[in-house]
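When the chains are written out, they are named A, B, C, D and E in that same order, and each has its own residue count from 1.
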């Protein structure tokens, strides 16, 4: 330890402040980087530039209103956030959603996962200096957003699901649109995938870079695709099935290579599996009511909950947990969100040692940061 | 064996262990040895008279979940950073927003808000009407003021 | 009859010296106009091509097909405040964009352009060592970029400049060696192989065919020289914001922006001149300039596709590539060229 | 659980050329752009944006004010003859904070408040509070 | 730019400059939150902002004309927004995108969000919506173009 410090004194390290406005920090991350030439010696992430006090405001609002703040947490996958919140809220308020609503939620969550991963893929390409795949990703994402608009009338911050079901039912037209999408999408996805992986330079930028050992990953409580890319087969959808995931047939992609490329491949495989889930779910979706009448119209603001509930869901970034505490009133007493990106980001201190600046950018790209969720 | 005050099952079917704050670290390290290596979440709850700290621990291989609860009257709780690295930022966040001082934390600074921010916003007695502003000094670091000052 | 002589004839009523001075002056003006047109065309082409490859339309609001877009950009850049940052090194900061631009125009002045119907030869500089002159001239532009990076006192800019130096050092050598191979090949046919015009004219078969390896090395080096993706080390916009030009604004930035596109055109033109037969074409030699332009534009489009599809290479791999792969390959290429020259006598 | 395989290694340069082709061939496809002011995509029925109010239907129950998560709705006294609205209070909406969450539409017992397809609401002034009267007018009329 | 004294030449030049400026608004790559994704979406193929000459997203504030403040401005970020604005060269324009930057939006009850970015930097055009659709933002940009050419009174 002491020797190291002495060494540090002898060498002059440049301090570089990356962000909060920096093209490849995905929003408002600020990285304090100590550089020795091009090599990053130390990296200290500074966050909080998007701290929007969602947890506090949720305490000031009704249970049904808090949903919009969850939409804006992981803003590229609003549907998954809604699922996460409602899993907790419905348990707390004892309002189970009907069967049909659960299937609809699964479809929406998986489409949202695809959309989120597409944004990530495009942005990751831009980080590495590939200009075009971004556009192909967004063309596909636009199709998903089109479906969302058709269903609930909003593109991104959908506010589609409500306590005890969903706001609007899905109809023939929407089912047709989703089926069309699942038919076309796999080919387009392969094309995007090939545009990345055929490139020698892309492979050389990612293979063997940013190796995250599984024990380190657990120590830092990393979850989601990052954990699976480190060789730990863990997914909340399989481990603690929520909604109707136990009635669906899908695989969890794992990689034992632990590097950037593994994380890249795992996310792409997840998209393929999501398409598979959507395809099954759209066929199996049962008839019936799409909402629980206990939480409709003016009853919306009269829901009372007591107790403590922690619900976990698998968001595109990892394990998204919501810890709700109610005191018997119409407003939650305490809302606590386990944001996967925050833990995933904390590992950058470990990964960003003795790498080049370019690698640091690639690593922070594969972490898949969304700051609405990191800072909340 | 660590003395557990109360063992219940929560509304969501998870095992809840209540423990005195002196025994907290012992219990956590016990659990860690039993495979609960994944510290998911640290939550502070302001119960007005006291502060409650909740730890969500997770066993990835056996897929088990356990919730550890402790209470504190003097806002002080031993830090779990020695056991779990993920506790680092979690504890900083709870210190920032809830004002729970984690004793033994190597770098207990605010995570989201600047250090000079007055009050801990998630406390029930935090006064939202007192508006604070943040300015930036020459090094790019922030400080909070009650005075709008330049640029606002 | 080339442009210069024509102009001199036109001014002949004046004395000989005045006529030639005027002729040179006018020719320089023509050259600057040509370079500007090329830049406008290039930027427009790039924006349209990029848009189409990315399934977009591209500029189409200003004028027909957005043809006046660049005029709008130019007007805007001219009207913008040009910020001089605090703590700059004043003189280098001011002259750096000029150096880039002057280097660009000078390089264009040295290239031979072939004939164009009634105008005759468009070539401007007649020198029997124009190859050396050309490579001296294209070495000016990086100096401007490095000056810009160092003088603006911004960490990103300095890093960009350092990367620029590393890039230039590692790619100069293979590029020069592959050009030497060309000169060797040409020396079998012409007495003045260092004269660009002779070098180009001596390609009955384009040098790119026997010299495939040399072509590849030279093309990669020229991409690196023009510093766009995958080798945009100096700019690397996702890592170093805008690299050496981070602190520049207004028209000063415009010069860097034009320099980038100009150097893409320049390097494509050099490749087509040196390896693809330049202004030699299948039919009449009157249309030489047209052949040259066609070849150049095709190369430019290839270069754009590389830009749009390939990620940025890492700086250490990049330097490695220069020294460990391209240098040996170019030396092998030199040996091959020697064998061809001596044995086959193309 | 399936293990993802690394894609098979391409020859150096050949792979890059393939990737270039994948990108470059898009030039033969038609652009997908919708040229917005002239062409418009068909608006889905459920698309929601600016709030409208039907003054005749409003009963002044203040439910929308209560449910609004971000305090965008306030009840206002408006002198207007409406037998169903005894208290003569109508909501005004601050569109500068409205998140179009549609909770007000959902909770309204008479469907008086509803969201519409109008989205061209940008302005050069920071004044987005729509009075109850303005809420029942179209955007162009409000500007006037 | 100073206003001309009414002379024909000045006015024409002025108009030409305004025309140039309005048709070549280079935005700063500056995404803060949710709206940033919609800002990326106007750049993307579906709603191609390049048609208006604004596709050149510059990373350095020195080279951009337009700052689209996309997403919630927190108090911690506000000084940075201010600094970025100051680093931009004149003439510069600001679009406040989304309700968070207009009046605090859904977070207006909280403690760490600036209630309107116009408290920090002057704003030219406000685009409400949460987030505004790409169409709405394009409408905002067109409104800004009109404002630069003095054609609007919205």
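The rule is simple: a contact is a pair of C-beta atoms (placed from the backbone, for glycine too) under 8 Å apart; a residue touches a chain by one contact, two chains touch by 3 or more.
As the structure is a prediction and not an experimental result, all values here were calculated from the model.
With steps allowed only between chains in touch, the distance from chain B over to chain C comes to 2. Listed by label, the chains that touch chain A and also chain B are E.
Judged by touch alone, the chains other than chain D, held in their current positions, stay linked as one piece. Relative to chain A, the chain whose mean Cα position lies farthest away is C.
Rounded to whole angstrom, the centroid-to-centroid distance between chain A and chain C, based on C-alpha atoms, equals 45 Å. Between chain C and chain D, the centres computed from C-alpha atoms are 49 Å apart.
If you average the Cα atoms of chain A and of chain D, the two centres end up 24 Å apart.
Chain B and chain D have Cα centroids separated by 38 Å.
Multi-chain contact residues of chain B (touching two or more other chains): 112-113, 121. Listed for chain D are residues 16, 19, 22-23, 26, 31-33, 35, 69-70, 99-100, each touching two or more other chains. For chain E, the set of residues touching two or more other chains reads 44-46, 48, 51, 59, 76, 80, 106-107, 109-112, 130, 133.
Inter-chain contacts occur between A-B, A-C, A-D, A-E, B-E, C-D, C-E, D-E. On the chain E side of its complex with chain C, the touching residues are 1, 16-17, 19-21, 23-24, 44-45, 48, 50-53, 55, 58-60, 62-63, 65, 87, 89-91.
Residues of chain A touching chain C in their complex: 14, 16, 22-24, 35, 37-38, 125-132, 135-136, 139, 195, 199, 201-202, 204-205, 356-359, 361. The part of chain D that touches chain E in the complex is made up of residues 31-37, 40, 49, 69-71, 94-100, 119-126, 128, 143. The touching residues of chain C, when paired with chain E in their complex, are 47, 51, 54-62, 66, 69, 71-76, 79-83, 237-238, 241-242, 245-250, 253. Residues 28-34, 36-38, 40-41, 44-46, 59, 61, 71-72, 74, 76-77, 80, 84, 106-107, 109-113, 130-131, 133 of chain E are the ones that touch chain A when the two sit in their complex.
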